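Below you will find the structure I want to go over with you.
Chain IDs A, B, C and D follow the sequence of writing; residue 1 opens each chain.
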Amino acid sequence: MRKIVIGVMGPGTGASETDRHFAYELGKLIAQEGWVLLTGGRNAGVMAAASRGAKAAQGLTVGILPTADASGMADTVDLAIFTDMGSARNNINVLSSDVVIACGMGTGTASEVALALKANKPVVLLSDHQESQRFFTGLSATTVFVAKTPQEAIAITQKLIDY
Amino acid sequence: MRKIVIGVMGPGTGASETDRHFAYELGKLIAQEGWVLLTGGRNAGVMAAASRGAKAAQGLTVGILPTADASGMADTVDLAIFTDMGSARNNINVLSSDVVIACGMGTGTASEVALALKANKPVVLLSDHQESQRFFTGLSATTVFVAKTPQEAIAITQKLIDY
Amino acid sequence: MRKIVIGVMGPGTGASETDRHFAYELGKLIAQEGWVLLTGGRNAGVMAAASRGAKAAQGLTVGILPTADASGMADTVDLAIFTDMGSARNNINVLSSDVVIACGMGTGTASEVALALKANKPVVLLSDHQESQRFFTGLSATTVFVAKTPQEAIAITQKLIDY
Amino acid sequence: MRKIVIGVMGPGTGASETDRHFAYELGKLIAQEGWVLLTGGRNAGVMAAASRGAKAAQGLTVGILPTADASGMADTVDLAIFTDMGSARNNINVLSSDVVIACGMGTGTASEVALALKANKPVVLLSDHQESQRFFTGLSATTVFVAKTPQEAIAITQKLIDY
């Protein structure tokens, strides 16, 4: 039976210390819920921190890589999907996630949030970035949720999954 | 020799009357400059209006379709590229455009602007939508430009091409 | 740490009874080796049979779906990757597999074998189809292997993995 | 109105002298018919030769590149579509062609022929490679045609288009 998959999207090298800390917590909490963690799989920023957190709690981690092989991959990825599609793989990230949590913001993350909303996939924004919140809730009032902490993001995700 | 390609991205069925009017003007002006017009190719909103404008000025129109065949395609598309990739084709749209002009805003358009910025492709926002301007110029101050009219968007594009 | 992933590719509705029987055995043997089974994920032919075999041996099954959601998916897929890319997802199937086993033959399977060889990925042909063997060993003598039984295919795979 | 697009697929660096000669002739004949030539766009083998032939007859050439930019592109490509998708772009090549002509054979070309047959797209094999002919006509007797010369390939294509 298909496992529940939660995507954590966020900046790579541009991630802030808070982004990485929150990503680690998200990964850990997702694993503790028994969900699978899906990230972009690269060895940088939010992707690497979330996968590390999930492994700390014995979770299963999936990485959807932009590359054709494992160069630049986080070593905490259990299951690597190699797309060789660059940023076009962002659409696979969101389609394959039951809920998308955006942890921090950047151009790649913005594309993932927008693609998720386009596909009617619920998105939790974990960020105090006011412009992101205004922009994305303006685009889709009913499928964007805002959280201030990883714990709050997981509580919202839990409700979205149950629903 | 490779022709200059200008992408016009914008909402389909969600396009406003202004969006469609501006898209038609953009298509016409792009054709008059001797550039190729690239759109998402569907028979709706900004895509259809821009292609119609370009054909009114004897331009060449390319449509990058999300589908595997011509169902739902604008009949003013000269050259159809069938991707069968849904929204993942948005990345091809922006990579194949020398400059991306966003005419109006929506979830699909937002993904295209974000993917363009991710790929370091210049974007002209033709919209009085304040939240979009704030959000995207916040993401990438140096590659986002704001225009109030199609004429202004083309003037900016001309400078970006010359540069 | 990244798990070993073995792809089993083969016809959907066009699969023969032998193809399905061999696919079930392959899935079971792959799971018994502790490897992850990767298929195209649809509820048909070789994909469904291989996944059923792997679950019978408590393995982990990944499905790389051509669709945007779970309609038409085999219910023995644990981890669903939704690509919405139609047959272009065949390239992801082979890039994400450490070894590709082709069980039976058809147009989709032929594309997967060819894409695997293009990417220098080893392929085991489990088929008594002489024309396939001649064609593909002619294309790439050093990376195509022929097996007559699922057990032989797994023995070859084991050597390729160890190497 | 959508232009007729004929895809010429064949080896890059692995192309034989005959492959390149035939590809040049195909490109020229396609342009003389008023059709658009579509290739994989790279500056190598059949792709480059076909585009050169089409330009010699003032045709329009489209290249569907595996890359994100113009590095490695044939300079006889008029319209470049940058996919950044590696070999997954092969599916776009065949979906966007009204008829696919395979000029020579290799792993990439084999994937294109197989993907074309999967999509019910007619394929003309221009090759004296017996194993290819047997394999692909065996896969799909009604949509594979064999030609011995570029002129014969174009005659078959003309009938397929008219039909």
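Following the convention adopted for this analysis, a contact is a pair of C-beta atoms (placed from the backbone, for glycine too) under 8 Å apart; a residue touches a chain by one contact, two chains touch by 3 or more.
Remember, it's a predicted structure, so these values are computed and weren't measured experimentally.
S.K.: Which one of B-C, C-D or A-C makes the same contacts as B-D, at least in over half of the residue pairs?
M.R.: A-C
S.K.: Which pair wins on C-beta contacts, A-C or A-D?
M.R.: Most contacts of the two pairs: A-C.
S.K.: How big is the gap, in whole Å, between where the Cα atoms of chain A centre and where those of chain D centre?
M.R.: 40
S.K.: When the C-alpha atoms of chain A and chain C are each averaged to a single point, how far apart are the two points in Å?
M.R.: Each chain reduced to its C-alpha mean, chain A and chain C end up 29 Å apart.
S.K.: Touching at least two other chains at once: which residues of chain C meet that condition?
M.R.: 68, 83-88, 91-92, 119
S.K.: Name, in rising order, each residue of chain B that touches chain A in their complex.
M.R.: On the chain B side, the touching residues are 85-92, 105-108, 110-111, 114-115, 117-119, 131-132, 134-135, 138-140.
S.K.: Mind pulling up the chain C residues that touch chain B in the complex?
M.R.: My answer: residues 68, 83-88.
S.K.: Which residues, counting only chain D, touch chain B once they are in their complex?
M.R.: Touching chain B from chain D are residues 1-3, 5, 36, 62, 64, 68-70, 73, 75, 77-85, 91-92, 95-96, 119.
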